[in-house]
Amino acid sequence: MSVSSIFIFILKILGTLLIAVLGVIIGLFYKGIDRKLAALLQSRVGPPIRQPFLDFFKLMIKENIVPKNAVPWIFNGAPVLALVSTITILFYLPFGPIPALFANSGDLILIVYLLAMPAVALVTGGFSSGSSYASIGAQREMVLLMSYELPLVTTVIVLGWRLNLAFPGLKVFSLASFSTNPIWGIVGPLGFLGAILLLFTLVIVTPAELSVVPFDTPEAETELAGGVLVEYSGRNLALFELTNAVKMVVMGTLTIVLFFPYNISPLLSLSGFPAYIMDILFFFVKLFVVLFFEVTFIRVALARLKIDQASSAYLIFLSVIGLIGLLFMAVDYLI
Amino acid sequence: MKLDNYFDRSLWVFHLNTGSCNGCDIEIVALLTPRYDVERFGIKLVGTPRHADVLLVTGPVNRKMLPRLKLIYEQTPDPKAVIVVGACGTSGGVFYDSYNVVGPVDKHIPVDVYVPGCPVRPEAIINGVLQAWLKLERLRGSGADIEKKIAEVNA
Amino acid sequence: MNGILMHAPALVIALPLLAAFVTPILGRFNYKKISWFVSAVFGVTLLLTLLMAGQILTNGTIVYVFGGGEAGLALPSGYTFPIRIIFQIDAMGIFMALITAVISFLAAVYSISYMEDYSGVDKYYTLLLLLATSMFGMELTGDIFNFFVFFEISSISSVALISFRSTFNGEPAEAAIKYMVISSISALMVLFAIGLFYGQYGTLNMAAIASFMQFTKLDKMALILFLTMLAMKSGAVPMHMWTPDAYSEAPSAITVVLVATSQASLYALFRIIFSLYNVTLNTVTVGWILIILGVLSMFIGVTMAVIQKDIKRLMAYHSISQTGYMLLGVGVGLAVLANPAALASYGIKAMEGGIFHIINNALYKGLLFLTAGALFYRTGTRDLNKMGGLAHNMSYTTLFYIIGAAAIAGIPPFNGFASKLIIYESVYQFNPLLAIIAMLVSILTLASFVKIFHSAFLGPQLEQYKSVQEVPKSMVFAMAVLSIIIIFFGLFPNLIVKYIVHPAVMALINQSHYTSTILGGM
Amino acid sequence: MSKTTYKIPIGPIHPSLAEPMTFNFEITGERIERVDLVPGDNHRGIEFMGRNRNIIQIIYLAERICGICSASHPYAFCRAVENAAGIEVPPRAEYIRVIIAELERIQSHILWAGIAAEELGFNSVLYLSWKVREEVLDLLELLTGNRINYGMFMIGGVRRDITEEHLPRIRKTLDYYKETYQTLENVFLKDPSIAIRTKNVGILTYEQALHLASVGPTARASGIKKDIRQDQPYSAYADMDIKAITPDFFTGEVKGDVFDRIIVRILEVAQSVEIIEYCLDNLPEGDIVSEPKLAKLLAVLKKAKGEGVGRHEAPRGEAIHYIKLNESENPEVWRARAPTYNNLMSWIPMLQGQEIADIPIVTASIDPCIGCMDRVTLVESKTNQQQVLTREDLIKLSIAKTRRMMK
Amino acid sequence: MEFLNPKNLLSFLKENLKDNILDSHIATGKAGIKEEEFYNIWLEVKKEKFRDTVKLLMSLHYPHIAIIVGNDTGESIDLTYLFTLFYGEKFKEISLNLKVSLEREKPSIDSITDLLPGAQTTEREIKEMFGVEFIGLPEMRNIFLPEDFPKDVFPLRKEQKGLDELVQQES
Amino acid sequence: MPTPLIWELIKQLIRKPTTNCFPVKHHPGKITVTELINKVQDGEAEINAPVTVPEKFRGKITYDREKCIGCRLCIKVCPSRAIEFLPEDKKIKIRIDRCIFCSQCNDICPVNVLSMSEDFLLANEDRHAPELIVK
């Protein structure tokens, strides 16, 4: 290994750490904003924006109880797995003008898989806690996971396919390709419609990924007393909270990369360093707007669905929308 | 592990009814609603004692709920605080002479703050939280109080 | 050393075969030690295979001719069969042989403890050795009739092994009979197809047939026969009905080998399509047939699996479903075989995915069946509803199970993800719907493995399993080795694809290379 | 996924039940196979305590049977005593009683609507409706001196008058509700996500409601036109024409599902506003209590003999009190029945065959007040053996732990 | 629906039950400024004819059972069934309080849960509180008391003095 | 789907929140609550008042010990036995932790020495604290 490659290696490690820390911070920060906005929508003052940080630190000092029926290493391992897999996704995401740390040809697929991991970890943790509420919650989480995965996968693959048709030979499942070739630019009017449908699909999948109302059935407070998380406390709970916060960033960024990868600097005819800064800022603005609609607004304006309703909403309604999107895309390409 | 400043600012609350008339319970729910909105203090109502930092206990403790009260106290991870809301939890209130009431709450679990009232006004509960903050700050400030508390209990 | 290397192909076959005959005799003297002996034999075989693999990957295809015209192969029943054996081992063949060697070695090691309490272990090992021999034979031979012979041996020994536990109850026997019927029919049909070739071309050497291939009506008929029969033996939908029974009733170590056997059949299928027919046939049609078989297998397999209560049956259905991925990958490759641009851009990749999945499947499926065996070993039941809380007592098994389950569900960083990723990435270019289905099946797979995990390992410790302990060391060893390989493959998929899988795929695609080596060598 | 049958106990401490109550469910997948009710968790022995107290003290005990509609039990109790002792109530007091009871109904129905929304995971609506509810609470606090447990009722009348200064304030509140009524109707009856969760859920047919003797909005939502304010009106209700509200007023048909119960309650809010307006317009002059000297009242009651029944249409249905006075300080028999007592059995047909997710909304839909349910006498139960730690152990453990953590 | 006024109702019952009626009177109350009247019928019947009385009521209109009041007078156990009839229209409703007296030793009475399923809760409660046997009551489990409660202790009977000891005075 | 609720929510977003920020908007954070209270006492900081209580609100009892004639009528009607008679000086003692604020004692007192104040912020760490006993 040459000196420069060692240097790059070290740089990557540092970058990894930086992104992990930043991701967590941005996630918690947005969570605070989310809670504040939701409160304002509900005519309340709401918690201070730093509240999620406080909650996190609070949870860290709390006692970490492992219930008697649980298998300790699985019970404790689940939250770590959830967090690690979510943070890993961050390494594959480009943030506005900052390219992804690890770019690979198949990273979009990898992300889809990694997105399922926290849910799986949650299910495992829930099952392993040995409480019947948690078991029912875990079953629901599983059902929900299977339901929303289909529309999610449809969206991702259709977009990749369309991109591939437009630019054969491009590394299509690499997010870099998406961010350099916005989907809106390569399709005709019908494809445009298809892309809107796909965007809609992704937006609706997001609340389930983040298990917020109306798709928080697995954790339903009023039915299952916290569902899968019912036995978790202290540090483990904190890790799950973190996971959720980071996942929020991930989902927001994913939407941006797939659908709104535009930068603002060309518009302002900036270049060089100022452009870079502007783009980063613009990215955050986009992130907040996207998350407002994907998370805050949806969760405030809807009631929780029952698991069968949620499941059929995804498996039937949303998948059909995704497939119609596919159809539009295909027709658009053929004509 | 340390009982630090973050604890006060993110109190998650589990509400336990041990046989109350619902008056206080309603006021606890009212606390969350826009007029009072305790979420601004980071207070959040949670569905399981495992997530809780504070137990809000209402009701005079009847026989059937007693084991549950103790169990829930045990299930709540440390550090934790107990706030008793309402006259009946504080002293038995109007239910003082029932054979089925084994309260008040402090006969069975250690209580940190009492909020008398029947029912308590939501603001009085906020005042109770304030008292709890003060107590926690004092506890952090000097270890002596804890020694005293132990001596009290042992006596 | 050089001599060993030169005769490695023969030794790979001969060693287990010989051991198969020695084992019963040895058993008379020291009953306890045969298991070690057999494991050692498999260990040596594994070494030989590895040596051979090294040689092939550096020097190319080996052609090995067993001495002249009069060699004979003795069947267990005492017959000798006049036969002339040519082994032609290319990258694909050795790829399969490696799988067989690894799996049979680990199966033998696992059996040391697993089969301890059974009577008639000498017979068990004899059969195991024979089965392994036959698999090696199927994979290494260059002669289609030899292939048939080995195919037949594998069927017979499998049947015997499946019914091995039938002293206890009737179900294994029933499964064995089912398997036997299926095998006999397929053997007969394969024989018939071979007859068709022989009648037309007067030779049984595959390379020779390939070079004469006219794709006549008879050839088409032979193709259909091969296709159905081999698909059946590899357990693809809609001819999968024997798999759940056979897999679940056989002792777990054998199930693992059976998975490898069905994969050998799959190999044969690919070999025949690619090496025998190749571009002469309508690759798009046949490719689509494979794809459809694949998608059906994937989907039906997984949906059937989700509702099973018997842990091994559940896993058996997953085998079917996983076979679907291989068919899908290879099918896509085949469908674009005649289109060089598409072949280059994603066809080869799809095939790499499919072929890579073969080895991955053998590994994680093997691991999963071994963990199922471990559970059975300790609890005496395969009913998921009767298990529970076993993670409290069997942490290693739990860990291995998690690795296996994650791998089969295609979760990074395990090997299943590596091959599935390659499949998705290439298949979507052929048709996006296929990729969507493939990913969906993965998620369903995950769901059903979480279900097992929940019902067998998690939850409160059950009263009846309070005293259950971790399984003996030899079983842990076998599972650990598989886990390590799985993780290794998952972490460095590029390495594996480049050095092992890619050559195998190229060997399949380059028909002319195959024929020329052998014909030149004759 | 798996089809095993779970047994899950819900309650006594469970987020969907603010009050303690135990259900045992047998669940297959997500479906409820069997429901078993195990009441008794909130029992405080109220009727027993009543036997050791004088009538005035009992008023406050009755008030604390349940704090949600804390005007209802004192109302029914006072009527029972007046009935038994033959005490006449001045008309002005009768009107004030009705005003308080109807303000109470507005409060209670909006409260319920919020809780129901919360059970659906619809916090925004909880916040919205409870924001709206604060207005009437402020008014009640002004009129009675407390937000809940008003302490307004006295044997023979009421304790506080509604004065001239109060009237504009009351009218302002009524106007506020007339304005916000539309919002409530929009949010509850026209929102698709509420409709999706409540239509065809937890159905109680007319037959079932009749046979199981359901009362209040639960019965009315199933089409039974039963409302004491209409059937056997009392106080100021007798001067009005009150019609029992059934869901067909809104939808044209009666299904008996949860949605119908929402309809009934929302429409009753509007009805209550009308009733209060009538009372204000026709408020008679005069005394507010028949015997202002309490010591004298106590003496009168001590000499009284007889039995009486008092009924009142509480927000949740009919509350009935029976009292038997026998020339002593304490009553010989006091029997109180809350509406939930009768509605309890309606849960079983409602819940059977529903999903777990429906449990909270279905149980909440009868607007249970477990507080009322469990006042029956109960002697020490011997079931509490599983208690492992004594109080002292617990405290020591806890303090030791807290200390460890603060180091 | 045919509405009877209380007088007609009472005479209808008297016709059918004859001297099985031990006591009966109509209590009249006045409501509102208009002082309109409403009625409570108080009726006491012989225990043997109790079930028939309920059937008679049912032949007129499906009665609503509110609750059973139990009273241990020391000599007998009196049950008062609070019924309401003819609800659904203003001032048409009639309250009927039906009293039966049971002997204190082994009190028993026919269950009416088969006729009026809504009576189950209250019958079960009276069963466990007063030890009254309801003949034909389908659900015999306790409703409020725990299952392991001693079978011969009935909390609301007069002799139940033990309760007082459980009461804690100062707290 | 623009449900009616959504418009309502957006209206609320634009308007000022209805929250009454008693006693402070958020936990002070930077300084401790103790310090904050001290500051308030020194007049350096301010506390938001609770929602104002109406006239005749039933808060903590006040007692004019001098004028009490010791007739014990209040004890007779108190539903929660909050009033204790002190036989030595024929006066009473009221325990606020037991009181249910029904005001019945005020109504019956022949000399009107009892009244309800507007004080309702009674939370305390000790229920027998002097603040919770009216003598």
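As written, the chain order gives the labels A, B, C, D, E and F, with residue 1 at the start of each chain.
In this text, a contact is a pair of C-beta atoms (placed from the backbone, for glycine too) under 8 Å apart; a residue touches a chain by one contact, two chains touch by 3 or more.
Keep in mind that this is a model prediction, so the values were computed, not measured.
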Graph distance between chain B and chain C, where chains that touch are linked: 2
Mutual neighbours - chains that touch chain B and chain E alike: D
Centroid-based (C-alpha) most distant chain relative to chain D: C
Chain located farthest away, centre of chain B as origin (C-alpha): C
Comparison of D-F and D-E by number of C-beta pairs in contact, larger one: D-E
Distance from the mean Cα position of chain E to that of chain C, given in whole angstrom: 79
Distance from chain E to chain A - Cα centre to Cα centre, in angstrom: 63
Approximate Å spacing (C-alpha centroids) for the pair chain A, chain C: 38
Centroid distance [mean C-alpha coordinates] between chain D and chain C, Å: 69
Touching two or more other chains - residue numbers and ranges from chain D: 1-2, 15, 40, 43, 48, 60-61, 64, 124-125, 127-128, 131, 146, 149, 191, 193, 374, 377-381, 401, 405
Multi-partner residues of chain E (each touching 2 or more other chains): 163, 166
Chain F residues counted as touching two or more neighbouring chains: 3, 5, 9, 12, 17-19, 21, 25-26, 29, 51, 53, 79-80, 100-102
Residues of chain D that touch chain E when the two form their complex: 39-40, 43, 48, 83, 91, 94, 210-215, 224-228, 230-239, 241-242, 244, 282, 284, 309, 311, 318, 320, 322, 324, 332-333, 335, 337, 341-342, 344-345, 374, 376-383
Complex interface listing, chain F residues touching chain B: 17-23, 25-27, 29, 32-34, 37, 50-51, 53, 79-81, 95-102, 120-127, 132
Of all residues in chain D, those that touch chain B in their complex: 12-13, 15, 18-20, 40-46, 48-49, 52, 60-61, 63-68, 70, 111, 114-115, 126-127, 130-131, 134, 146-149, 369, 371, 374, 377-381, 384, 386-387, 389, 391-392, 394-396, 398-399, 401-407
Footprint of chain A on chain D - complex, ascending: 1-2, 6-8, 14-16, 27, 30, 117-125, 127-128, 131, 191, 193-194, 196-197, 355-360, 401, 405
Chain F partner contacts - residues on chain B that touch it in the complex: 5, 8-9, 34-37, 40-42, 87, 90-94, 96-97, 106, 112-118, 120-121, 123-128, 130-131, 133-135, 137-138
